[in-house]
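Multiple structures follow.
Presented sequentially are two complexes of subunit A, the first with subunit B as partner and the second with subunit C.
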Partner chain A sequence: MGLVRREQQPAEAKAAPSVETLLRQLDDPDPDCRREAALGLDGVAEAVPHLLARVGPETASTVRDALLTTLAAHDTTEVAEALAIHLASDEADLRTSVAEALSTMPGSVPAIIPRLIDDPDHDVRVMTAMVLADLAHPGSLTWLADMIRQDPHPNVVTAAVDALLPSLGPEHTELLRDAVRRFPDDPFLRFTVEAAVG
Partner chain B sequence: MTSSTTAGLSAVDFEKFREFFYKRTGIQFTESKRYFVDKRIETCIKQAGFPGFNAWFSALRLSDRSGLLQDLINQLTVNETYFLREDYQFDSLLKTVLPDVLAARGGAGRMTGPVKILSLPCSTGEEPYSIALRLLEEWDQIDHVDVEIHGADIDSAVLDKAAHASYGERSLQRVPMSWRAKYFAPVGAGRYQLDAGIRGAVTLHQINVCDTTSMRAFRDFDVIFCRNVLIYFDELSSRRAAENLYGAMRPGGYLFLGHSESMSRISPIFTPSRLPEGIVYQRPSGGPR
Partner chain C sequence: MSDNRPKVLVVDDAATVRMYHTKLLDDAGFEVAAAANGLEAVEAAMSTAFDLFVVDVNMPKMNGYTCVETLRSETVGTPAPILMISTEDRPGDADRAYAAGANLYLVKPVNAERLARVARMLTSGVAA
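After this line comes the complex of A and B, so read on.
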């Protein structure tokens, strides 16, 4: 009893499974096994289509988060576009996880933002504001300001205001007040803006 | 500025270097760290005997000299640490976390296998050794259970220091005098070496927390301390580190982060739990969510 030392056994440093094995394990019934396969495929370009195909159907959120962690490291337009499709999902968890992943892809996501901002589905535009909240890109604040100024849907405007709050400057005061004037019947928007700019 | 001088890197060189280092370690240097990075790269170039950045950088990338990357990592990591740092978390460990771990695993008498604690990153060893000292001095169960303590870091130079375990005043400041007398021996030049028994009880490993393949070697930890490293990572690396830590933990296991770090912005896979001494994160115990 007390402190004991564990000698590191060579067997402990397990060799990495092959790509084929990992790809097979993506369909394993055990979620832990799927999760490890998804993480293990980090940096493997040929795995991208397989990973993308599983984001939607995956039922275990731990596995989905692992899929997204590995996918987000492939900061390419192909991945960004394929993920963005899920911003329209009916499943709130999926939408949110995908928005978080997209916000860590500053290399490719900016190219699809203009299209997302114009998406006919206002729920997609709400999610786009969430992406912009965390996207490290010089254009993020401008896009959010555009959404606040132009979007016809109050939920989108409120989401964009919310996303802008941490970076709020005096230059935004008029923009926010205007938004409240455009949607006088939206108490949540009014409340958010009043709390921010008085 | 040409890229072949050792006096400062061009913007293009810095960018190339930044990308490379990020991919290897998960650490993202912003422009504001430029000065810090430049100086250390210069040291590496000089020490390895290269005429300039380009020659050194190609050798580094083509890794025909594997020591180059390790030297660089050793130069560029921030290793500052000391005994009993943020020790309210060790209070949590003793008062709440370990009793819960024992209960969850069937009680002190009936557990199979030791309680496993990991300090990652451990830097020069103060963190895992602080845990060892507090357990030995203050935990009433230490004679009834086996405890395995592991320390791990990406930097091989700090691990050598951790293995040697001799420390100066700055690092020992918070260690009570009675503990110092009991567990440390003066080795000259104002330095004190930790008792061989404790040194020997902590197992040290070199590892990159962002590297999923090597992190597979870590399994079934009851408690992990991952303090003051995520602040150097960008979101994506933090996420990957979080996933790897999750994989290294037993369901229901506990994760401590540094006081300025929070999992809420990184990943939803852990459940935060608010203890009297602060927040600790738990790997959910009932299978995947």
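After this line comes the complex of A and C, so read on.
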């Protein structure tokens, strides 16, 4: 029997970095390293405060998206409340990214929606309508209808109407017509409602 | 038949806003195309020479400020005027728009007459 040449052993798989290493890498100057760290911390509950603390200051959108992806997967009230603060951010990228992340958290976000709907900042309420547009929760349509019925700012009402449009049914016709009556000087709202219900 | 109307690209993630601004600008004599976010707008600008961009701020995938910066970058390099229209009326919003390269920043809602007037003003050198 001839000698059988042994297959060379594959290089030893590189050990996954520890949580401590990944937490350190969140502050690495290299955005790719920070992104990898953020994604690597998926499912690590102890990393949540560290990830949350970096959402606001992070300047690289790829890293911020990774932070938000990992955080959204936790879908806890702690994460939802901490992220919702950024809906009032002056930074468009941050507030829209956070709105997208919140809309993927149906387990925890519903608990904070009543507070967001009552936020004194109408821009936050507009962003809340964006969250509700994609939030997979049975209460979303009711909240949007409440915003259309009650919100005093026309931009919030039109944002809520836009969010409701894909799910619009005959039961919403009077709601939308009432909104037009509440804001008779808003041509965009009138156009939107006429386009939607005729 | 060639269309000599000034070409406008309306960029907004809200379908109703796109429809509304498209109708107003079409009625005002513009040839209008639409994009649902900044990325689509940049793609459209790479293949068509628009005479005016009407851009929202809060959009997924690429927000309005980044969209305007990209339109002004060497990659696209559009010289066309850019009008930003948003619900955001915090003190720094207009400054941010101008820093990105916008020519004008208006807060929603913008009525038909004003939009048409501003669009004509910004495209005043374009043959109609």
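Just so it is clear, the second predicted complex is superposed on the first by the 184 of 198 C-alpha atoms of A that agree within 3 Å, B and C clash if a C-alpha of one lies under 4 Å from a C-alpha of the other, contacts with A are read in each partner's own complex, and residues count from 1 in each chain.
Operating definition for what follows: contacts are C-beta pairs under 8 Å (C-beta built on N, C-alpha and C of every residue); 3 or more make two chains touch, one makes a residue touch a chain.
It should be emphasised that the depicted structure is a prediction, and the values quoted were computed from it without experimental measurement.
Looking at the shared chain after the overlay, A:60 reaches subunit B, while subunit C stays out of its contact range.
Of the two partner chains placed by superposition, only subunit C is touched by A:92; subunit B is not. In the overlay built on the shared chain, the residue A:123 is in contact with subunit C alone; subunit B does not reach it.
Shared contact residues of subunit A, touching subunit B in one structure and subunit C in the other, are absent.
Residue ranges on subunit C touching subunit A, taken from their complex, read 14-17, 19-20, 23, 57-60, 63-66, 87-90, 92-93, 96, 108-109, 111-112.
Within the complex, the subunit A residues that touch subunit B are 1-8, 12-14, 16, 31-32, 35-36, 39-40, 42, 60-63, 65-66, 69, 72-73, 97, 103-104, 134.
Subunit A makes touch with subunit C in their complex at residues 90, 92-93, 95-96, 99-100, 122-123, 126-127, 130, 154-155, 158-159, 161-162, 165, 186-189, 191-192, 195-196. The touching residues of subunit B, when paired with subunit A in their complex, are 114, 132, 135-136, 142-150, 198, 200-203, 205, 212-214, 216-217, 234-236, 239-240, 243-244, 246-247, 267-269, 287-289.
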